[in-house]
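To start, the structure under review is shown below, and the notes come after it.
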Amino acid sequence: MKLQKNIPLVLFVFAVNSLVMGCGGKEEPSTQGAESEGKKETTTSEATSPVDMATAATINGKVLFEGTTPKMKKIDMAAEVTCQQMYPEGPRTENVLVNENGTLRNVFVYVKEGLGDMEFPTPKESVLLDQKGCRYYPHVIGIQAGQPLKIRNSDPVAHNIHPKPKNSKSFNISQPVQGMETTKKFSKPEIMVPVSCDIHSWMSAYVAVLDHPYHSTTGTEGTFELKSLPPGEYVIEAWHEEYGSQTQTIQVGEGETKEINFTFKPET
Amino acid sequence: MSDRTNPETTRVAPPVEVHEVEEHKLGFIRRWIFSLDHKVIGLQYMFTALFFLFAGFCMILIMRWQLAFPGKVIPLIGRWLPEAMASGGILLPEGYNMLGAMHGTIMVFLGIVPLGVGFYGNYIVPLQIGARDMAFPRWNMLSYWIYFVGGVLMLSSFLLPGGPAQSGWTSYPPLSIIATSGQTVWLVAMIFIITSSLLGSINFITTILNLRAAGLTLMRMPIFVWTQFVTAVLLLLAFPPLEIAAIFQLMDRLAGTSFYLPAGLIISDQILEVSGGGLAILWQHLFWFLAHPEVYVLLLPAMGIVCEIIANGTRKPLFGYKELVGSFIFLGVMSFLVWAHHMFLTGMKPALSNFFLITTLIISIPSVMILTCLLWSLKGGSIRFTVPMMFSLAFLPLFGIGGLTGLPLGVHVTDIYLHDTYYVIGHFHYVVVTGSLIALMGGIYFWFPKMFGKMMNSTWGKVHFWLTLIGMNGVFFPMFIQGLAGVQRRLYDPTVQVHNVMVQPLNVVSTVSSWILLLAQIPFILNFFISLFWGKKAKENPWEATTLEWACPSPPPHGNFAKDPVVYRGPYEYSVPGHKTDWFPQNEPDAESST
Amino acid sequence: MDTTGNYGWWLPVQASSYAQTIDTGINVIQFAMLLMFVLWGIFFTWCLFRFRARTARRAVYKEPAHWKSWIPDGLVLAFEILLIALYGIPVWSRIMQTLPNEKDANVVRVVAEQFAWNVHYPGPDGQFGNTELSLISKSNRLGLDRTDPKGKDDIVLWNQMFLPLGKPTILHLTSKDVIHSFFVPAFRMKQDMVPGLVIQRWVEPTRVGKYEIGCAQLCGLGHYKMRGDVFVQTQEEFDRWLVEKSREQREEREE
């Protein structure tokens, strides 16, 4: 009778449902499952790495700072007393951190060009992004596309992790309880993905997503090292959140170790 | 009153095209799945709506755990919650908001309305007016299946990676527009659900106006039919603006329009690229234009049930039939004029807010009249404390609390403080849960014998009643105290706000009471199914009632009445002086032509 | 943990000039509600006992007079008319519509965002600096143009507000992203903050102390965490604070 009319309706509805689930809103968070369609994961990076360790080269160096060290602004953490109390001298922003030896911290150095279409296995080990004292540790992270990013809340207050990537799906999740850990992935390379907390808007971190493992972030000594590179010509870029990027081209032969330095100075 | 003493009127309903299904056997699918019989469709609505009510209840149980014990792992099911909602068995703030939005949506649109209108309306109205079925049986079936698909869509949003809708059942933009894809599914599902209601409402109005039995004038209809009629008109006129508003919101989310978005929005340090020029408040007006009449859709069928059961249980006519009918109609009309009392704090001009203050206080008048008539009906009665009667009696004071607590909310000055606090949550739950839901439950006990030909066990019915009463009051009464202390709505962890800390123990009281409420439903569910299969066989008219649904077999066959009934008197002719029994059925001819 | 003692099991402490009026309204209405409930409840309970079914007695068929059923409605209507005319309309007008003169009042801008309140003072010069959408950044959440001479002495606070005692303050309320709601329970003050609109409300604090600000409109996953504090000080303390804070913020910028 009229039964036949209903089957198309039901099918239409399920079609609409599937279509709708495919479309997104303005911000679309991801899960582990949705992201893992990227690289195939292997046990260790070295096991099936395309690099021949016998001829591997190294590029290392320092990032220097020239000029007057700018004073970092105070952060008003009065709204989160629990965190404020962890800073006896009062918390300050960390966009420019100059080490005692005149080098610059939190500069992200990586291979920008030169690897051709070499494919590197996606590491299974996760990279940790911790939240302590209402700050992110580390402030600058390098990770490979598809590699797990483990986000931990070590604070006794709630945080919300809201990165804003342009190339991968973004997410916006909260961790209300101390000790909570969530693992996420970015599927496509991007320099740089800013990360912030919507509850504590002074919190800031940067995640660089690459499709290879050759990156290094300068620490308290201001040094960086890119190991196990196949010999060849490379464009190395150094990125700083305040002072932008600089590049240098360098050629390394088999087994060679070469040193290059970058210098950043504030605009007058 | 002239209705009771006049001889039968000469008005006869025009003959209806009777579809020829009575005689030949139907296959299982056509008999039980895609049935055109209003009784089967009614039962489909009943089972589906009760399932959704239970699902919505489970959602609030999870939320209540978090409210009473913030940040603690949810026992048993915590680890099974989707990743978007919980971490390590602990509910996340976004998960709390998701459950909150879905609880409200499911309870209102997939639970109470389908139960009150889809189940009770469909099953009882044709019987009470002496018709063989609804005016449009195919639309009726379509209505159910569209509702079913809308419901499945709603639930399916829990499987999305971003989780279901999380911007409240009210879906205020801009929050709802920047929300994850669950909101899109919510909007599409709502379009289905609204369409289902619109089809249904046309069906009800036509049926009630055109298919009444001979002699059944409008003023001889049971009050239940009147309430279903007013409800149908409310649905028909109020839903279309929301359907359009939902489409606008879908377009803002997916098609780059800006019906609700002004220019210059900065979401988490990034400028939102929209054309701008829209206004967030527009959604609120369109939403509440439906949602206020909607709350009367939640209420009226339940009040109709209470009227039926009280008339029957007191063994006397209801007090003030005309006043009741007039009040229900007036209530329906006024319900379209009060919507912005939900928006007093949005920055409206005082002229507007004063207008809605006045209309909101006016709408309390018919409600007071209805309660007065029902209370007055008890006076002089011979009250039988059957299980359905107990539920209907409990409705009166509890709905009274719900209605009365609407007063400080309706007065805009006091609403400045009480808006978006737990006082509001207490108010509307008293009206819908201890009000409507209690009556709907009572109705199941009352009409179960008619629908299934068996009696439910009354001892277990009374256990269900008392435990439910204690549970419900234990959950919702503390909320008035919390509201006065200033505890806001929709807080994942109320203890973060200093002014909420003192009254936090009340959250534990509510949560424990919700467990009592859960346990209280076990005797009900068992009673229902055990009686269904092994209950005592019911007579045709076990409650000795007067209305037409009791004048056909239990359960009624397809086509309901062997012969089209003829009505001779009003619906509540109980304890008529001189009549041998204390009930005088509507379709029984007068003394001189019967024994 | 509440160390202020401002909040208990009933309404919070009254800290603004209109808090008492609102409380009176709440208490009077609730008393009327209770009265109605008790009277109805007594009648209800009496009926259940008096008219329970007994075999000897039949129910009464004849309807009693209908005019009596209008009594509860009459009383309710009278009460409500008085409520509207003597309380609702005039008090609403006073609280929501009538703003004090700007030159007699303190002025503060509050811009809500997910999930905090940005509180903007015009500073000792009494003039707000210009704000630009394009200047909004992590460290400049209001997009305040600090090169604008009017903006040099502006104060921007995060989840905190300082108000002088006994002087009305006009708040200009808006939002950067979604709808929030500015709620100070002790002031009995609540106002939705709608993006795209700037809504003005006034408050006159009558009590020195620290009072909580909460958000009263669902604004996302951080809604529950969105809290702040209003510090009410004496006029002298406030004037000192204003100058000092303005200088402090200016010095920090110039470091």
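So that you can tell them apart, the chains are marked A, B and C in the order they are listed, and the count of residues begins at 1 in each.
Definition applied: a contact is a pair of C-beta atoms (placed from the backbone, for glycine too) under 8 Å apart; a residue touches a chain by one contact, two chains touch by 3 or more.
Please read all numbers here as calculations on a predicted model, not as lab measurements.
Measuring centre to centre, with centres taken as mean CA positions, what chain is farthest from chain B?
A
Please work out which of A-C and A-B is bridged by more C-beta pairs in contact, and write that pair.
A-B
Using mean CA coordinates as chain centres, what's the gap between chain B and chain C in Å?
Here chain B and chain C have centroids separated by 33 Å.
Between chain A and chain C, what's the gap in Å when you average each chain's C-alpha atoms?
Measuring from centre to centre gives 43 Å for this pair.
Approximately how many whole Å separate the CA-defined centres of chain A and chain B?
Whole-Å distance between the two chain centres: 51.
Quick one: which residues in chain C touch 2 or more of the other chains?
Where chain C meets two or more other chains at a single residue, that happens at 113-114, 138, 220-222, 225.
If I count partner chains per residue in chain B, which residues reach a count of at least 2?
Touching at least two other chains: 92-94, 178, 267-269, 492-493.
Of all the residues in chain A, which ones touch at least 2 other chains?
Answer for chain A, listing residues that touch two or more other chains: 158, 160, 172, 174, 196, 198, 201.
Which residues, counting only chain C, touch chain A once they are in their complex?
Interface residues on chain C, with respect to chain A: 113-116, 138-139, 141, 157-160, 220-222, 225, 228, 252-253, 255.
Help me check something: in the complex, which residues belonging to chain B touch chain C?
Interface residues on chain B, with respect to chain C: 1, 92-94, 97, 166-168, 172-175, 178, 262-269, 271, 278-281, 314-317, 319-320, 323, 345-347, 350, 353-354, 357-358, 361, 364-365, 368-369, 371-373, 375-376, 378-385, 393, 396-397, 400-401, 404-405, 407-408, 411-414, 416-421, 481, 484-486, 488-494, 496-503, 574-577, 582.
Could you pull out which chain C residues touch chain B in their complex?
Residues of chain C touching chain B: 1-2, 4, 6-12, 21-22, 25-26, 29-30, 32-33, 36-37, 40-41, 43-44, 47-48, 51-54, 57-61, 63-64, 66, 68-70, 72-73, 76-77, 80, 83-84, 87-89, 91-93, 95-97, 113-114, 133, 136-138, 176-179, 181, 183, 185-186, 188-192, 194-197, 199, 212, 214-225, 227.
Note which residues of chain A are touching chain C in the complex, please.
Against chain C, the touching part of chain A is residues 71, 73-74, 76, 78-79, 93, 158, 160, 172, 174, 196, 198-199, 201-202, 204.
Can you list the chain B residues touching chain A in their complex?
Touching chain A: residues 29-30, 34, 71, 83-84, 87-88, 90, 92-94, 138, 142, 145, 149, 153, 156, 160-162, 177-181, 183-185, 188, 192, 253-254, 267-270, 272, 492-493 of chain B.
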